[in-house]
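You will see chain A twice below: alongside chain B first, and alongside chain C after that.
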Partner chain A sequence: MPLLGVMLLASVVFTLISSEFLTTFNIYVILSSAALLAVIGLSQLSVLSVGEFSLAVGGIGEFSAVIVGYLLVRRGVPLAPALLAGLAVGTAAGFVNGVLVAKSGVSGFIVTLATGGAFAGASLAITETSPYTGLPHVFNSFGTGRLSFLPYCLGATLVVAVVVAVLYRSRPAGRRMLAVGGNAEAAELSGLSKTRAIIWAHSLSGLLASIAGVIAMAQLHEANPSAGTDWLIQSFAIPIIGGTALAGGSVSVGGVLVAAVILATINDGLILSDVDPFWVTLVEGLLIFVAVLLGRAQAWRLYGRALARLGRLLPRTAP
Partner chain B sequence: MTPVVEARDVWKAFDGTVALHGAGLALESGSIHALVGENGAGKSTLIKSLTGVHAPDRGELLFDGEQRDFTGAQASMAAGVSAVYQERNLVPQFSVAENLFLNRPSLRAGFLQYERMYREAEVWLERVGLRVDPRRTAAGLSTAQGQLVEIARALALESKVVLLDEPTASITAREAAVLFELLRELRDRGGAILFVSHKLDEVFELCDRITVLRDGQTILAGVDRGKLTQGEVITAMVGRDVTFSERAAPTLRHDDGPALLELRDVVTSLGHEGVSLSVEAGSVVGLYGLVGAGRTELARAIVGVEKIEDGQLLRAGRPVRVRDPHDALQAHRIGYVSEDRKTDGLILSHSVSHNVGITIWDRVKSLLGFITPARERSRVAPIVEQMDVKLSSLDQQVSQLSGGNQQKVSVAKWLASDVDVLIIDEPTIGVDVRTKEEMYLLIEELARGGTGILLISSDLAEVIRLSDRVLVMANKRIVAEFEGSGDYAVLSEHVMEAIIEAEPVRETIVPN
Partner chain C sequence: MLGRLTQSNAGGLVLLTAVSWFVYQAVGEGFLSSFNLFTLSQLAAQTAVIGFAQLVVIAIGRLNLAVGAVGLSVVMFTGWLVETVGVSPGLAVLAGLVLGAAMGAFMGWVELRTGLHSFIVTLAIQSVYIGIVLIVSNGVSVTTLPSGITDFGSKWLFVPELSLLVVPAVAIAAALLYLFRRSSFGWKMLAVGANEPAAELSGVRVSRVVIGSFALSGLLAGVAGVMEMSRVAAALPSMGTDWLLPAFIVPILGGAFLTGGFVSISGAVMAAIFLESIAAGLVSLNVATYWQAFAEAIVLLVAVVADQARRRRRQRIKTGGVLRAEVRRAEHDERAYA
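And now, the complex of A and B:
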């Protein structure tokens, strides 16, 4: 609820600042960027659910897109099998991360830092740094086509979000991930495998990252090997602002959708208001910080205690 | 009759520490079997070996007479063994109902059926006498409620073997009575139940057979309850090989003036009642009791971790209020060497000099507030030397030291801080005989220097060896006090009698 408040407030401010803000085209721009951001956020959300995290979301995303682009442009593979291959590569990449994290005992930070870097490097190597262009027309119009203010790709995002939400709410695999994230020892003593849950989470994250890669590719009309470079902060910012617990055990898919729209709105508004794009990243960082503070009951308790202490001091200073 | 579950000659070590060596246990159907032993005797390890959570290094596990090796909790549950472990095992974000059915949620076409789980959970919650909404999350449950949810979970599996590791540790007498009724019902239907408890009156009330573990070995194996007295069980539990040197002559007492630390009718938030004791300068006061008697909890109340709700805490004759351990140390000069040195007492990844110096940082810092390694070392070095800690240098990481030397460092930390009152909790758990002896000399030397020492230990020989006065705690009350004569044969008998005679405190039963 406070999130929706933030969004409304930002919209009102931007409407006042810029006359272009509340136009059909601009709303399309916002929603289209939110459609991509939401899937990036979901990719991180799925690893957060088990209490892990991934620094490889961007790397896997751009690598999958490059694979799709290569198959389409260089090999002339038809669209559907090329896309399936891309998603399979993303899932496999996530699976590898999961196995490495769960079985090797090396921290997820190191594992995903390394693999994320490797995938990003592989994308640059395969493309020789120049994007694959000349993608099928249908595919491009999926990325940038619209019905009034509704981008087509938003449909894909909503389907993905519903599937992820149902998985975490009602499917045993999703519940197992959350149980491990909530209390890994309890889950294991109840016969749920922590290893399996972590592998599941990373594989899902890989699949979602590759979907994000494909959406980005459709929006850009090219398979760009550095499309995922900026995804790192966003992938964390969106689930955290949306109320997903960093420590695991609780996720909010709805929160991701709202947070993606907020972030997209603020980015768009700042650009329309002629703010330097570098400041936009600063604002993203600040938003994460505020969201984490708001989400911490402890912070509120500290605040309450400080007030109480102040209250106790005051009478003493009075005459 | 073939036992349903049998463990034979089980061995298990963790990182070189032997938890079980040659433990055995046999459970028969239609019987409630007690497993008792002091802390660290290996009860929980044995249970986890039975359920496949730990893989034993050696030994045989038999189910229905056939050898089985479970590879994890899932396998043992599938074979009909359910367990309530000692740690609390709920997923805080999940509803009570989902926690109840964590390993086998109700499904239809692969989707969870929450409404059905809520309905079924209600039945089980009702049976264990827990009135909570199955839809609420487990996060806000009290410890007792959480324990009952776990008991309900184990019972809901309707297994023929149920292992309960201290199920009554945090529930009230009335809740325990409901549980006992359920367990008897289960037994009468042919269930095999293992019941771990430190409360011997419960054990004697409920169980048909008793197995006693001590130091990872089975001392009494499935003896008929009728053939044992509580005294015999306690002797089996604590009867350590007593190898200790003569008690030193009673230390000089500085009897003039008020006691350094005195408690008058203290009531704590953890249930201590009417606790009075005093620690004079230069004396060692031993506080003995079985595990669960409330000794450590009392120490934590003294240093301000737990709340003192009523009564007085006097420091050198003046009533004081200790807010937290920092306050205890800085304002009242009371130090506490904790029982669990790994989690509470030491920062294992830091150097020896850092760990010892931590209590005096406020005093060694320079005018500008910097703590230089040189200043720290100059204060720390003499103390470490005095304690004869085996180390390569003061910069060595504490984690590289042996257990005994780690314990010395955690005591050295308080020596450096130069406190007036030192509470030492289980100073020699897990250390070898030689280090033990060194630790004793150190404690005596501290007392000679005028420090008042409150020694908490479940090693009776140790308490008798060191104490000028022995206090016996049971059920969170001090039930007896003896002058420290140093005579083990006589004193130990008196102390055991006091514990056995101590009336168990029943919680007040509040009618609904």
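And now, the complex of A and C:
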């Protein structure tokens, strides 16, 4: 709820500052940037669910996009198989991360830092740093087409979000990941494999990162090898603002969607208010703090309420 | 001594580096040329200091994702002081380093006040720092630096194969060795890293150690920044963006525990030399520049994973030995009772 309050407040302020804020076109701009941000956030969310980090979201995203671009532009492969190949590559990249993290004993932080660097390096190498352009028309219009204020790519994001939400709410694989993230020892004692959960989480993260890469590619109309450079902080900011626990065990897919819209609104508003674009960087950092501290304040309030309830109960039960 | 070497990875890294030099010289072109070695020493010196800036926070079991951001801030501030304000270079660098230490200390303070994981604190703050630097500087680089600063990066030390930049790196390595081996503050840092509650209970003021370590990290990030500024002879607003990987690989490959409590200075120095040797070697092998970032990341990944496997094996042998001894003692006891 405080999230929606933040969003309303920001919208009111920006509407007052800029007359262009509440136009159909601007709402479309915000929503299409949110559509990408949400998938980036979901990619990190799936690793956070088992209590791990991934610094490779951007690397996998741009790598998958480059593969799709290569197949489409250089090899003349039709759109559908090229997209499937890109998503498969992303999933495989995530799988490799998962196996390395779960089996090697090296901290996931170091593993994904190195593999993220490798994927980013490979994308630069394959494209020789110049983006693949001339993508199919259908694909481009998926990225930038719209129905009034609704971008087409938002549809893809919503489908992805629903699938991820169902996975974590009611599918065994999702529940297992959350169980391991919540308390790895207890989960292992009740027969759940921590290794498997970590591999699952990283593979899912890789798949989602490649979907984000494809969406970014459709929006840019090119497969850009450095499209994912800025995703690191965003990938953490969105789930954290949305209320996903850093320590694992609890995720909020709805929170990710709202947080993506908030971040997109604020970025857009800052640009419309004609301030330095560098402010966006600063605000993203500050927002993480505000969000985490707000989340904690809520936890404290709940704790206080529980204590008060306990306090009311105690005298009555006492003789 | 031998045990120390094997635990810190320095020995293994010396061997690996030697092998890589041999291969590069045999297969590639001009790896051992004095120009190549000079560049290698310049880069290795700076990479070592970047790694040290991370090492001092890893020692207390924290992470600092803002090493690059602090380095950038220090460099832009120093450049501004020299160019716009007209402060003498020495004083400007000093002021820059003080700013770096303060920026580091601030992160430590925020971590303590909020109780959040240092990963999140430093991730968020690095974004804030970079934002402020870019807003204030308007993203304009400083390119008219006085010769006092730029000479330092281009001069030799005794021989044309060694850069003068090696001097600050070695001096810092020596100071850190003293810190962790001989000074009480260094021991307290390691104690906090190994077991924070235990350290607190035995009278270590954890908050001081945390703020002090982060300040030291900020100071070292600033030194690394000034080294890069004197090497490229400019203060660029894009600096520090590619520091994240070396900052972590140097201490970790050197043998430090990411969870805190153990670091190795000699290991970190060798890791920096190894890392830059790999990069320089790829140039001499005429690997297309585009593939270098990829190849480097893969080599480092393999090195880290192999190192971990080796550590685990040693651990298993050790515990295996202990277990066998236990079993033998138990059998002995049983016989004695019977």
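Basically, the second predicted complex is superposed on the first by the 296 of 319 C-alpha atoms of A that agree within 3 Å, B and C clash if a C-alpha of one lies under 4 Å from a C-alpha of the other, contacts with A are read in each partner's own complex, and residues count from 1 in each chain.
Following the convention adopted for this analysis, a residue touches a chain if its C-beta (ideal position, glycine included) is under 8 Å from a C-beta of that chain, and two chains touch if they have at least 3 such contacts.
Fair warning: this is a prediction, and the values are worked out from it, not measured in the lab.
**Student:** A:Arg171 in the overlay: touching chain B, chain C, both, or neither? Say first, second, both or neither.
**Tutor:** In the superposition, A:Arg171 touches chain B alone.
**Student:** Tell me which partner touches more residues of chain A in the superposed arrangement, chain B or chain C.
**Tutor:** Comparing touch counts on chain A for chain B and chain C gives C.
**Student:** Pick one for A:Gly58: touches chain B only (first), chain C only (second), both, or neither.
**Tutor:** Touch status of A:Gly58: no partner.
**Student:** Quick one: classify A:Gly117 as touching chain B (first), chain C (second), both or neither.
**Tutor:** In the superposition, A:Gly117 contacts chain C only.
**Student:** Is A:Ala186 touching the first partner chain B, the second partner chain C, both, or neither of them?
**Tutor:** first
**Student:** For A:Gly249, is the partner it touches chain B (first), chain C (second), both, or none of the two (neither)?
**Tutor:** A:Gly249 sits against chain B, while chain C stays out of touch.
**Student:** Once the shared chain is lined up, is A:Pro131 touching chain B (first), chain C (second), both, or neither of them?
**Tutor:** Neither chain B nor chain C is touched by A:Pro131.
**Student:** Quick check for you: in the superposed arrangement, does A:Gly206 touch first (chain B), second (chain C), both or neither?
**Tutor:** In the superposition, A:Gly206 contacts neither chain B nor chain C.
**Student:** Answer with first, second, both or neither: which of chain B and chain C does A:Trp279 touch in the superposed model?
**Tutor:** second
**Student:** Under the touch definition given earlier, write down the residues of chain C that touch chain A in their complex.
**Tutor:** Contacts found on chain C: 63, 114, 116-117, 119-120, 123-132, 134-135, 138-139, 244-245, 248-249, 252, 258, 288, 290-298, 300-301, 304-305, 308-309, 312.
**Student:** So in the complex, the part of chain A that touches chain C is made up of which residues?
**Tutor:** Touching chain C from chain A are residues 53, 100, 104-107, 109-111, 113-115, 117-118, 120-122, 124-125, 128-129, 232-233, 236, 240, 246, 276, 278-286, 288-289, 292-293.
**Student:** Across the complex, what residues on chain B touch chain A?
**Tutor:** Going through chain B, the ones touching chain A are 53, 72-75, 77, 83, 85, 87-94, 98, 102-103, 105, 107, 110-112, 153.
**Student:** Quick check on the complex: what are the chain A residues that touch chain B?
**Tutor:** Where chain A meets chain B, its residues are 166, 169-172, 175, 178-179, 182-183, 185-193, 245, 249-250.
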